[in-house]
Structures are given as structure tokens and as C-alpha cells.
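There's a structure below that I have some questions on.
Chain IDs A, B, C and D follow the sequence of writing; residue 1 opens each chain.
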Amino acid sequence: MSKKELAIGVLGAGGNIGHTHSQNIATYVDGARLAAVYDLNTERAEEVAKTYGAKVMASAEELIASPEIDAVVIASWDGTHADLAVKCIQAGKPVFCEKPLATTLEDAKKVVEAEKASGKRLLQIGFMRRFDPDYIKMKKILDSGELGAPLMAHCISRTRSHPKNHTTEQHITNIAIHEIDICRWLLGENLNEVAVRFPRATCFAEGTCQDPQLVLMQSDSGVLIDVEVSGNSYYGYEILCELVCEKGTIRLPVAAEPIVRSYLQCGQAIPEDWTNRFVVAYQEELQHWVDYLQGKTDVPGPGAEDGYEACKISDALIKAQTTGQWEKVEA
Amino acid sequence: MSKKELAIGVLGAGGNIGHTHSQNIATYVDGARLAAVYDLNTERAEEVAKTYGAKVMASAEELIASPEIDAVVIASWDGTHADLAVKCIQAGKPVFCEKPLATTLEDAKKVVEAEKASGKRLLQIGFMRRFDPDYIKMKKILDSGELGAPLMAHCISRTRSHPKNHTTEQHITNIAIHEIDICRWLLGENLNEVAVRFPRATCFAEGTCQDPQLVLMQSDSGVLIDVEVSGNSYYGYEILCELVCEKGTIRLPVAAEPIVRSYLQCGQAIPEDWTNRFVVAYQEELQHWVDYLQGKTDVPGPGAEDGYEACKISDALIKAQTTGQWEKVEA
Amino acid sequence: MSKKELAIGVLGAGGNIGHTHSQNIATYVDGARLAAVYDLNTERAEEVAKTYGAKVMASAEELIASPEIDAVVIASWDGTHADLAVKCIQAGKPVFCEKPLATTLEDAKKVVEAEKASGKRLLQIGFMRRFDPDYIKMKKILDSGELGAPLMAHCISRTRSHPKNHTTEQHITNIAIHEIDICRWLLGENLNEVAVRFPRATCFAEGTCQDPQLVLMQSDSGVLIDVEVSGNSYYGYEILCELVCEKGTIRLPVAAEPIVRSYLQCGQAIPEDWTNRFVVAYQEELQHWVDYLQGKTDVPGPGAEDGYEACKISDALIKAQTTGQWEKVEA
Amino acid sequence: MSKKELAIGVLGAGGNIGHTHSQNIATYVDGARLAAVYDLNTERAEEVAKTYGAKVMASAEELIASPEIDAVVIASWDGTHADLAVKCIQAGKPVFCEKPLATTLEDAKKVVEAEKASGKRLLQIGFMRRFDPDYIKMKKILDSGELGAPLMAHCISRTRSHPKNHTTEQHITNIAIHEIDICRWLLGENLNEVAVRFPRATCFAEGTCQDPQLVLMQSDSGVLIDVEVSGNSYYGYEILCELVCEKGTIRLPVAAEPIVRSYLQCGQAIPEDWTNRFVVAYQEELQHWVDYLQGKTDVPGPGAEDGYEACKISDALIKAQTTGQWEKVEA
């Protein structure tokens, strides 16, 4: 490793995803080290710092400004992403920002513009599925052209560990957002029109949350995507995707688990949550970010514009939830 | 077999499905024999008659009226179904009518009313999937209630042997019609609102045919059904269905084929067409019809009203193809 | 059906397999009818006769001798097979004999010789797996030569419904006998050396029965076959087979059952017993027998010599159970 | 990371497996760094050293003796393992030794005795399958006891990338050695009797090599293991294992690959070689070694005694190849 290790600071290191990123930087990512952390919850920040031998900073601003920090990971509460990203960009610091880029389209635009003003590509967004080996293989087969042009995509996103107080809108911005991005990436084009339709709600949905929902999206070339979005999937966590092409189809495999034959039944375990499903993807997105910063690859990861496009599509979907009509995505 | 064998006459015996029904009556169905056949194509009629030891009738009317014939199978061209069915009913003869019941809603209504006027249940319609062992097991699991209420159904109907000159509408009346009926049967309720959305068309679609299409239907209790309807599925014939319930899901299995490992690949054959997929269902629907006529079961098969309901839903879907809106199914 | 229907008599019609054959002849097989039955248990014989409209005969001999009977099915107790088969052959009657052909090699030889003396091919033996669509497809792929020469076969035969008082030997003559025959048929050659090795016995084995056992057999060209033979397989009934060839392998598929996702698990039902596994094979072996007798096919089903070869291999395996050595099969 | 990073030296770093270990230490393993390498091929050693920022040592002895090196990885040619392991142990250095521990039983014994004389547990052997997540899950299910006692194990080890000049014996010491160890580990007991039987050889076997071979082994409690060992498996690399227990069975899953439907076929890719199959296992075995050395876990990895036991079983198998008899493993 001739290159100097990058000193990384993590904002929101005390949360679930913040801890995952901190751990991956400290123990997995090659060419980087966990230098500092910050979290509103000081106790949690200190715990993480101690475990991985990092420093605790007194504020996000201090961490961003510190000359000891080469690059920043934003893993704090969704509502803070845009503001902190802009601060990093203005400080000239490369930043890895968890999705979503912002909670409003306006804020997302501010980040995109800040980056444009900087004249540099400084932000990578946490659309980690692009680094999942299964999706990568899927895209490779699609791009080979041997199955002809893609026509449809059937997706399923089921999660059982979803926060109980989530709203119908949040199932778009927190769950379906991944299908939005991965379909854009798989197809290599934008999505321009969307709709939502609700089946009867599951008995496990709480309050006014309409769950599940069927999300429909159409790409510029006409590929039609349907997504079952379930936030209260009692039986387990599952991500499925089938790309239907002119000459064949490609399906995402399900994770391999031992096959158990027991009394009159042959079965395999289904995971409780996402913890084990995207382990490699979470590691590789950070490795790629660091590799890009160190010049080991020319190919940037997903950027601010991908976060911004996803926000536009989310917005159209949330509108479609109310109108019941097909809605155009803002150009 | 203490019961006397029923003498069956088949109309349109020279066609593809007519031949299948003739053969099944002659060689599989217990309690019935193939007594007579009729087909516009006299040569084909004589061939079938000779193979299975049956008589050739000079016209459909002669066959229906013949005192030698106990019951009639209608397997002629779609446009003739309703008229022939009414004639059978008016002659007091039990009739098995291939789907669709009629090509217009008006004609379908005439059949329903003729049967009502007769005061007897005289017609069974050829929705053979209700007799497929896999769908039967699926319904059994659903009806057990162990997975909670159904919420969604994801269906796929792909056929590669579809007549090349078929229209976008015929992919509803000839392909999706099976999903319409099987979903009504699985869920035990009616469908009341429908929509259609088109992806880009496959290069294999001919003329003005928009293929594939995504069919959406919603049941009285709110179950949301999506169906990929592909009439030019290059790679093979495939029928899939997943019922999503509150506590789990149920999937139709794919047919078992030897698993072959060859150079860097592990695979199974996919069938070219429907020939082998629903063999048992085609046999069992006729067996059930005969059993019902002989009083061996009290449970009638799908009837004129099921054919009529399917026509109403087809009609709404064809309307939705043009409007691009959700359309109500006529009450 | 220009041919006259064959009048079939079933010996041992009151037993499990006897009833299955009687029903298949009465309701499935084309070109034959169930004319008469006999069973030591008169009550059971009368029941079957009544259900399918057949006559009850007073003795096996009467049935065999009757001019009303064109052909005979032997489904009585194993110990009676050889004697009855010889009687049928001497009466010049075609006979379908359930496996095994005989319980001693000597008796099996008598049947073979009786048939030879008759100058005609009069006996088909009940190795029904040769008529199973899955094995047929497997053989077709093997015989295509695309995977090169066969080298090994890994087989598993698990049954949970096995009579509790069965002996270690009977697991050969009643269970492994099917693998003996199907491997001979798949490979198109004989087996000439065998061995048996015992693992620790399952807690479900009763008395002195050593269960399971690993059966090893080698073919004339050197294909090495291993078979797990389990007579007390608690979890269900299962028949598996993988042919390992030079360029790839072929596996028998497992029966298709709905795929159920429920709490943290994805599974499929495993059958309790053989009832549903070989339905088609049991129907088709009788149909083939009748077709052969009526000259519709030139290809005879498995015959006396196949039953005799299987007996020789069984005998060698039973010897090997005791010696613990590889034993030659009698030439 | 309060603990100081261990400085690791790799012997034989220029070879295939040596490079993998070097890379894993440099970029994956937490708590260790690649400090030095040695290889007979100086050019290759320098390449690896440069890539990962390590030092090149002039000899194995220099590396072992160096005060800069805390622990040693032996990844050199098989014939050097035992001698180098003894040198490390005598120098009081913890050592990770690739399998096999030695190429003769005598040499293996010397390592065991050297470690005993040292009074410390200093050696971990490279039986990496114990760290494969799939085998770990399999063992967890077995050890839960819910399926009763194990009775049999059916294993398959197919590799297509095997060196062409390998001998029949080397397919034991290099391929089957993994099944020997993993079965000992899964069952938690030793194997005491073994046999080998040869089918006809594949056309892809070169020279006098008898390939494939069927390896049989029996454990102290009577579990009977069969292993298909194929060193010239044309179609791909595959490791399978089914544990047959009294109440059910457990199968190792195959790696998840996208499911592709193309012309009349549904398939998944099979890997060409082991490269991708055991990635995690190779990383985790080194991580575990380092964790153990740093006191983060009390549970040692597989040790010299495991390597020694595997050698004894290999020896018995090689004897059995010639005798054709069951051979006792030296006690």
C-alpha cells in the first residue's frame, strides 16, 4: 500500500447504519482508517470510538473542518443529510452520504448545485445495491445483450423489521428508493412516469399506514417496472427482481441457506432482516469510494445527481399515492 | 361401474382442443364414451371418428338433436360457442363449452338467460386450471387460513406459440382470461376494477399488436392482482403465480424436469407450449363434468355465470387498454 | 378403438397394489376392461368387483383357466408369484406379474424356463419406474451422448411407510430392487459385482433390522452405483438419482409442490408415501402391456429375464450383507 | 483496536494460495499486517511485497528468526510444511500452516511432538471449510439435535482445474483431505475405517490416474460417509454434502447465481474453480487465527492434531486404493 491511508470521520456513528459504516472503515476498507466520529448521543459516539480506536469530535462542524480528517461519511438522521453534505462540499472534503440525499427536492437540488459550484465530483451516495455481487452479475448478463432488450421488471421488497410508526410515504422514501435507484442503474436510463395502487392493507400495518403498496414506474425506453413494497412482511426479509427481456429473463437469486428435510417438509431459512443480505455491498461501496478518492479507479460511484433523480421519482410516487393517477416525474 | 356410460358428441372435433377433448373422452374419462363428432372440416372429423370409433354427424344441429347423444362438448371456433350452447340448453342437453363462453357480452348473457329459463344447471365451461393439481393445492393452503388473508397476487402468463396474427385484445380474451378465472376461483370473490399498462413492445410482436402488457385487477375485498401477459415469449411457455398473504406467500411450482449439469451451467428444460403443462387438468375437467352428470358429485364445475363474469372483466380490460385508466367492471 | 377390449383378470385384487392395478385397468387403461378378480379375502374381492363392475372368481386357477379371461395380472403375495406365473404361461395366457418375479432364484428360473418352453413372450414384470416420465427423460438425455459416458450413479430410496417387521434382507428385495432394475435399464447393461455397508442404525428401526444400508453395485462397463436404502425414513418418501457422466450430470427432479413462505422459512411439502409419486408410471406400465398385447407396439416391457436378473443381484446383495465383501453376481 | 497489530510473515508468498493469504492479511484481516514475505522465486516475492507494502526476506529461516515478525504463515510447497512448522514452533512463533501438515505420517508426528514439547498451542492448520458460513450453519442445525443422530453423509467434491499430472493418491491428499477434515468436524468424532472403489475412469483423466473414485469412511459412532472425488470434472467446480439424520437431512446449499431463462431452458452458472466458493472461509480462518493470538477468542482453530489425524486417514485411504479392502485407520 504505497498510498497513505485516508483518515475518515463518521457523522452519526452511533446509529445502526453509522455503526456499520464505522466498523467497515475500521476493519474492512483497505486504504482508509476510522479517525474520528461524532454523534448527538455522546455516549454512543464514545463507545464506537473506543471499539475502533477513533477520536470523538464535539460537533459535526468540528469534524468536517478538522485538518486531521480527509473525508467524511454522513450517517446521521435523514433530515440532516443535505445540510451536512453541502458543508462538506464547501469545505472541499469528499463525502459519502447515506441515502436519501435530502428529504425535500429543494434540499437535494442545493447539494447538486453546491457540488457543481465546487467544480469537483465530491459526493458518493449510499445506494449500496449497485455493489451487491448478485445485481452486478444480473447487469452483466443484461448488458451482454444475449437476451435482447429489457421490457419489464418485476420487483419485490419485503421487510419485517420496519419501524412501526412509518408512514405510507416513508415506505417510498426508505424502501422503494432502493428499487428506484437499482432499476435506473440496471437499465442505464431514467424513469419518467409513475403510479401507485393499494391492495387491502395487512393486519400488521399500524395506524393510517397503507401497507403493502404496488409501485409502478416506466423508463425512458418504455421498460415497465412493478414493485411490491411491503413494510410489514410478517414472514421475513426478501428482495427479489426479475428482468424480462425479449429473449429471456434474469432473476436475482435468493441467498443460499442449508436445505433441511424434516417431517414432511423440505425448506430453507429466510432471513429476519437485511443484516446479512447486503454485507458485501455495504463493504464494497465504501471500498469503492476510497479507491476512487485514491485514484485506483476512474469510475465514480453513484453521485449527487443519482440522489437527486431518486428524490424526483420519490416525489412523483408520493403524489401518485394521493391522486391514484400516473404522474410524470419532473424533468 | 353400475352407471350407464354417457354418449358424448364433440363439436369442432377436428381442431386442436377438439381433438384433445375427443381423445380424453375416448381414452381417459370414466363413465363416458365418444359417440359422435362433427367438424366443418369433414376430413378431419372422419379421422378423429375413425381413431376413436365414433360416428360422424352431418351438422352441429343434427348432433345436438340426436337421441343417441346424451351430452355435448363445444370445441368449435370461439364465435360459435354462444349460439351452440344456447341450442344445447334449449334441447335440454348438458353441455361442456370451451372458453370463452361468447365473444361478446351480449351473447354471453343470452347463454346465461337460456340456462336460467331451463331451470337446470346444464353448462360447464372449460376453465380447466381449476382442475390443475398445483392450483388445487395452492387454494387448499390459502383456504386453510394459516397464512392470513390474501393481499396481492403476482401472475405471469407467457406463451411462445401464440398465433402470430393475434391482436392486443386477443391476448386478453385468449391468454389473460385464464388468470381472470383462476384468480376469481382462488380468492372466492369477484374482480371489480381493472387497468392495463404497456411496456415497450417486444421485437417479436407482429403488426400493431402491443405485446407484452401488464394487466391489473382488483377484487371485491381489495386483493390486487398483477399479470404479465406475454404472447410472444421467445424462450418458452410459463405460467407462474404467487399469492401474497399477511403471514406468508404461496407460489405455483414449475414443472419438474431433470436437472442437468453441463459445461459451467446447471439447468432444466422449459416447455415449448402448453401441451404438457395442463394434461391432467384437461382430463380432470371432463371427468368432473361426467361425474357431476352421473350424480357422483354434488359440486358443479365452473358454469355459465363464470364464463359471463370473465367476459365482463375482459370487456373492462379491453376498454382499459384504450383509456389507460382504471375501469370498473360492469356490476 | 378398432381392437376388441382385452378382458383382464386380477389375482390378489384385494391388496394395496392389487386394488391399484384393478382400478387402473377399469378406469384408465385403454383397450382393456376389468373382467374378473380373485383374492383369498373374499370380502375384499367382492368389494373391488362391485366397485368396478367385475366378476369374482372362486380360485386363482379358475380365473387363469377361464375362457372369458384374455390376460392375467398377478398382484398376490410375493411367495405366490412364480407359481401363478408358470400356470398362466402354461395356459398360454399373457401375464403381468408384480415384482418380485419370485422369492428364490430357483423359482425365478422356473418362470424363465416356462416362458422359453412356450416359445412366446408372455410375461411383463411390474418394474414400473421404467414408465415414469422423469426416468424416461433422464434416459433420453443420457442416451443422447451429449454428456459423455456414465461413470457413477448416486441413488437414494427413502420410505417411511415400510412395514415395521421388515428385515434387512427385505429392504433389498422390496426397496432396492427398484434401483437394481432402473439402473440396469438406464445404463443398458448388467450389474456384476455388489457390496453392502451398514452405518449405525436409526432409532426407528425395529427388532434386528439394520436400517439404513448403503448398497454398492458395479456394471459391466464399470459404472459404480451407490444407493442409500432407508426403510424407516421418518421425514418422508423420497426417490433421488444422479447420473454422473464424463461431461456433466443428470438428476431426477423432485415432485413439484407449491412453494410456501411462512415465518422465517421457505418450504415445500414432501410426500408421506409412494402413492402420488408413481401414479403415471403405474398407469402407463399397464397401458404399455395392453398395447403390446394388441400389437400397437413392438417393444415389449420388462420381462421374465429382467425379473430373473434382479433376483440374481438381490441374492448377491443379501450374501454381501453377511460377508461384508464385494460379491460377484451369478453369471 | 487497542491491541497492537501483529506483524505477519508469509513463506511461499509467490504461489497461488500464498498470494491469497498475503492479500487477505494485508487487506482483510483486522489486527494484523503483512510485514514480510519469502519465496524461492524472488521475482514473485518482490511483486507481492511491493503490492502490499511488505519486506522481502532472504530465506525462510531469516523470516522465522526475525524479531520483526510476530507470526508466520506457511504456504510453500507441500513437502516443506512439516520442516518449516517445526522451525517456527522451536522459535516459539505462532504459525498458520496450509494443509497438508506433512506429506508423510512420520513428518506429521514430528510437528505434533514439537508442539507438545513447546507446551503451547502454536499451530493452526488451513482447514478453511470450518470457517465457511454454509458448513457452520449446517453444523449448527445438526448440533441442535432436532433431526436426531447423524447416520450417513453423502459428499461430492468435483474440481475441473486440477493439475493434469496429479496421481490417484493426490486426489486423496489434495481433494478428499477437505472432506476428511470437515466430516470429522461436523460429526465431532474420528473416522476409523475406510475404503475406496473405482468406477470406470473418465476420458479426461491423464496417464495412470484413476479418476473419479468413491471414498468410503466410517466414524467411531458408525456414521457412514461416501465421497465422490472427481479431479477432472469437465463441467465445473462443485462441493456438495448431505447429512442424513434419523429425523431428516441437511444439505449444503449451492452458491446463489442469477437464474436465467433463455431458449427452452432455465439455468444458473456453475463456477469454473474454487476461487469464489470459499472466499469468506479463507478470510475468516486467518481472522480467527489472529483473534486467537490476540486473546479475542478462547476457541483455537484446527490444530496440528487435526492435521495429523487427517494424514492418518489419508494414509489408510491410499492403502485401501491398492488392497480394495476396508482398512483400519491407525489408532
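In this text, a contact is a pair of C-beta atoms (placed from the backbone, for glycine too) under 8 Å apart; a residue touches a chain by one contact, two chains touch by 3 or more.
The chain lineup, named per UniProt: A, B, C, D = Inositol 2-dehydrogenase.
The structure presented is a predicted model; accordingly, all values stated were derived computationally and were not measured.
Counting steps between touching chains, the shortest path from subunit A to subunit C takes 1. The pair A-B is the one among B-D, A-B or A-C whose contacts match those of C-D for more than half of the residue pairs. Comparing the centres of all chains, each the average of its CA atoms, the largest separation from subunit D belongs to B.
For the pair subunit B and subunit D, the distance between C-alpha centroids works out to 58 Å. If you average the Cα atoms of subunit B and of subunit C, the two centres end up 37 Å apart. Distance from the subunit A centre to the subunit B centre is 44 Å, each centre being the mean of its Cα atoms. Each of the following residues of subunit B touches two or more other chains: 234-235, 247-249, 254, 261-263, 268.
Taken chain by chain, the contacts link every pair, so each chain touches all the others. Put simply, subunit B touches subunit A in their complex at residues 148-149, 151-152, 154, 156, 195, 197-204, 212, 214, 216, 218, 221-224, 226, 228, 230, 234-235, 244, 246-249, 324, 326. Within the complex formed with subunit B, the subunit C residues making contact are 1-2, 26-28, 30, 52-53, 134, 137-138, 141, 146-147, 247-263, 268.
The part of subunit D that touches subunit B in the complex is made up of residues 234-236, 238, 254, 261-272.
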